[in-house]
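Heads up, the next two complexes both have chain A, just with different partners, chain B and then chain C.
And then the complex of A and B:
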């Protein structure tokens, strides 16, 4: 069930009415039932996958919690000396680690088999020079939201292992954490210690929060239906035919693809967070005006924040402080590479994180190369840090707003340019970039190819209005919540603003034949 | 404390470590720099900081870092 369908709106409306009618103590049970129904709408049999993840993780986390309790009891009752205590704690930690590893292997194993088997088989075909299809593809059906709920659940298991949160005793409450329907499909990836309070506390109807939630849903519909789906066919044409759409169209494709990706995914997040707000449940934000970033690292701290946060906490920090990285670093020191030793752990972990980020986004070499390219750009940028600092000290005026604006444009272009790895075959990425730089002319926009993209003058007006609106809201957000500012305005202003947005979605949204609004790009992970 | 300040100034000389107590929250110290810091703390103070302790609360100020180092030394 797509989040931008009439079915979903009816489903949400029914769920919201029931949510505030049933006794407050059973609200979370209603949410669980509704989440199961939502998931089962795509095929009840697929509910089996999140159930395996939920039950296995719940059980292992409980076992880890019990080991912790047993250790505490032992220390309190037996009062061991320091050495005995250390030895006992080491033994318990080893036991807990085995339980955590079992959960991680099982659940990431399921994800890996379902998502990457065909990629592996395809590569084996190539590696052994077999005819295409000699090793046939399996084409597993990917359960909805598997990457998201697996990452969220494994984050919980690691947190329990680290003692950052207590294990949930009630299996059904834990199932709600895994399957909560607005977020299960595309995130945001939440942490149990933050989400449990939101999910399980009793919620009274709050008119302001409900209205704010509806406004946010409407804004998400606008981004998705009015902008993302409008430009999607044109972007697909440009990016799929680099031999036809060369020169300036490489840039048009880059910017269009970025705009589509942003409006599609952030629009989806607006709907997810808005729906949750109507239930009185706050979810973490996934975007924070990413195109206001002045460098690529900062942009990635503002884009898909819960996923990058997950990678930072559960991969980047553990890998960079691991024994392996320490050993490599020491080895480099012995070779006399002293300047490298302190950076080596960072760079090894960084490349691993970006490899995983790439393959998380898609089981294809293009995505892996895109991920690694991002990681390499950040490492190069890190190497130039001292030079940048010296430059700014020498020319303090370069810290001004004009230079800042240039940095934002440069960062946006860099982010867009790297996305070419996702849609062009690897061999053609640099050729297309060279083609743009050598042969790109503005006049090519009027050579007839643009007209073939199927965008009419009305489409450009709608896209322009959309861009201006997004820019305006981005600027307003810098000084606080836009919805609170709107709520403080007179009724007539509020009504007019929301009504106009509603009419825009209704009139300028892309519906029906020729448009497939059934899928958000980030639903496919 | 002086040794820690020396490490910090070596990693990022532009920050005011004496007064700022939001070094991570305000993104003055990036995750790259945090790991470099952890690596150098290990070498200078002879204490290993586990990854689960790399959280903003432990690195937002010099005092928080000194307190973390002290706690970990005590545990060892």
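And then the complex of A and C:
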């Protein structure tokens, strides 16, 4: 069930009414039931996968929790000496680690098998110079949101292992954490200790919060249906035919895809967060005006924040402080590479994070290259930090707003350019960028190819209005919540603003007959 | 002033609903250009006098029969509740809908609709169903014939279906914003241009000539509905050369009519007797009659309808006045089309300029 379908709107409306009608203590049970229904709408059999993940993780986390309790009891009751205590704690830690490893292997194993088997088989075909399809593809059907709920659940298991959160004793409550319906499709990836209060506490109807939630949903619909889906066919045409669309069109395709990706994904997040707000549940934000970033690292701190946060927490920190990294670092020191000794663990962890980021986004070398390219650009940029500082000291005017704006443009272009690795082969990206620099002319926009993209004058007007509106909202967001600002205005102003947005979605949205059912790009991960 | 806020909210809500309703009307197609069929269903509700005969079916009724001739020559009051590719299930629910307003003595159902149960083009559904007044019959008609990618919501709120027309609005959308113009003559779509029947597509052999069981089910429902309301049901096959009407289908319909003691008139077989000249009486190469063919067919059908219970109402002054006005509209459109065809060799409204 797509989040931008009539079915979803009806489903959400029914769920919201029931949510505030049933006794508050059973609100979470209702959410669990509707989450199951939502998931089962795509095929009841696919409910099996999140159930395996939920039950196995719940059970293992409980066992880890019990091991911790047993250790505490032992220490309190037996009062062992220091050596005994240390040995016992080591044994318990080993036991807990085994439980956690089992959970991680099982659940990431399911994800890996379902998502990456065909990628592996395809590579084997190439590696052994076999005919195409000699090792046939399996083409598993991916359960909805598997990457999201697997990461979220594994984050919980690791947190329990680390003692950062207590294991949930109630299996059904834990199931709600795994399958909470607005969130499981595309995130945001939440932490159990943050989300449990939101999910399980009793919520009274709050008109302001409900209205804010609806406004957020409407804004998400606007981004998705009015902008993302309107430019999608043109972007698809450009990116599918780099031979036809060369020169300036490389830039048009690059920026178009970035805009589509952003409006599609952030629109989806607006709907998810808005729906949750209507239930009184606050979810973490996934975007924070990413194109206001002045460098790539900052952009990635503002883009898909819960995923990058997950990688930082559960991959970057453990890897960079791992025994392996320490050993490599020491080895580099012995070789006399003192300058990189401290940086090596960070570099290794960074490369691993960006490799995983790439492959998380898609089972293809293009995605892996895209991830690694991002990591490498940021590491190189890090190396030049001193140089940048010296530059700014030498030219103090570069701290001004004009240079800042240029930095934002440069960062946006860099991000867009790197995205090309996702959908073109490695060599083609450089060839196309070379073509853009060598042959790109603004006059090419008027050579007839632009008219063949299927966008009419009305489409351009709608896109232009959409972009201006997004820019305006972005600027207003810098000084606080736009919805709160709007709520402080007189009723007529509030009504006019929301009604105009509603009419834009209603009339200029790409939905219904004649349009492909709109699937969100990030649903496929 | 505690009342101020609720009143303000109500006022704003009213403004919102009015704007959306206006937008919906603006964005809905007006069907006043090349395609006028979208107005056929709704024009029925403007009728002020009852009808002895109601015709049901697809283009083979609304393009082939002239109610004006039936009135002028036999005094029969009739209405054609047909539309482009109107499915048999839609005909059933439209008959159900008709019975809410009147009970005709005779219903004539054109059996060519038996050959296709499922809709293959969404726009045909819209043209037939959008004009129906809301009732259980409309709801059921939509449910029974909606295509896989259609939604009930888009029938309830047509703006959800036609919103993308904002980029292609024409002068007609403003001209006919309040109300579409009248396009038909008691459901009859008049064409006075001539395109002789020529080579028709070769008949394709089929592995199975049985009608869809669901078509039979709805024919049975139409029959039962007529029987329960004391209406004489007549089955007919219009004299359209294409799509082909196979002998195997003919046999099945004849058997059904005989089994249920229904009158079945195959006008295709009787084309010579009717006097149809396929070089003069069709406007699209033999698929549909033009006004000359339709008038001939109507003259042929008149005696059957009188025999089935329709009355001659020409002595009724009130009806005569109403039909005289209809006749004027008919004559003026026919004359205007004849003149245009004589001058250009085509009708501007129905041809596309290169």
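The rule we apply is simple: the second predicted complex is superposed on the first by the 521 of 525 C-alpha atoms of A that agree within 3 Å, B and C clash if a C-alpha of one lies under 4 Å from a C-alpha of the other, contacts with A are read in each partner's own complex, and residues count from 1 in each chain.
By our rule, a contact is a pair of C-beta atoms (placed from the backbone, for glycine too) under 8 Å apart; a residue touches a chain by one contact, two chains touch by 3 or more.
For clarity, every value in this text was computed on a predicted model and none was experimentally measured.
**Q** Are chain B and chain C a fit on chain A, or do they clash, once the structures share the same frame?
**A** fit
**Q** Would you sort A:437 into first (chain B), second (chain C), both or neither based on which partner it touches?
**A** After superposition on chain A, A:437 lies in contact with neither partner.
**Q** So in the superposed three-chain picture, is A:499 touching just chain B, just chain C, both, or none of them (first/second/both/neither)?
**A** Only chain C; A:499 stays clear of chain B.
**Q** Which of the two partners, first being chain B and second being chain C, lies in contact with A:468: first, second, both, or neither?
**A** Neither partner.
**Q** Given the superposition on chain A, which partner contacts more residues in chain A: chain B or chain C?
**A** B
**Q** Tell me which partner A:335 touches in the superposition: chain B (first), chain C (second), both or neither.
**A** After superposing on A, A:335 lies clear of both chain B and chain C.
**Q** Classify the contacts of A:390 with the two partner chains as first (chain B alone), second (chain C alone), both, or neither.
**A** In the superposed model, A:390 contacts neither chain B nor chain C.
**Q** Once chain A of both complexes is superposed, is A:491 in touch with chain B (first), chain C (second), both, or neither?
**A** In the superposed model, A:491 contacts chain C only, not chain B.
**Q** Between chain B (first) and chain C (second), which, if any, makes contact with A:297: first, second, both or neither?
**A** first
**Q** Determine the nearest approach in Å between the Cα atoms of chain B and those of chain C after overlaying the two structures.
**A** 43 Å.
**Q** Show which residues of chain A both chain B and chain C reach, each in its own complex.
**A** Residues common to the chain A contacts of chain C and of chain B do not exist here, since the sets are disjoint.
**Q** Considering the complex alone, what residue numbers of chain C touch chain A?
**A** Going by the criterion above, the answer is residues 5, 8-9, 12, 16, 19-20, 23, 27, 122, 149-151, 153-154, 159-161, 163-164, 166-167.
**Q** Which stretch or stretches of chain B touch chain A in the complex?
**A** Those residues of chain B that touch chain A are 13-14, 27, 30-32, 34-36, 38-40, 42, 48-52, 54.
**Q** Would you pull the chain A residues touching chain C in the complex into a rising list?
**A** Listed in rising order, the residues of chain A that touch chain C are 6, 456, 458-459, 491-492, 495, 499, 503, 506-515.
**Q** Can you name the residues of chain A that touch chain B in the complex?
**A** Interface residues on chain A, with respect to chain B: 162-164, 297-298, 301, 312, 316-318, 320-321, 326, 329, 341-343, 345-346, 349-350, 378, 382, 389.
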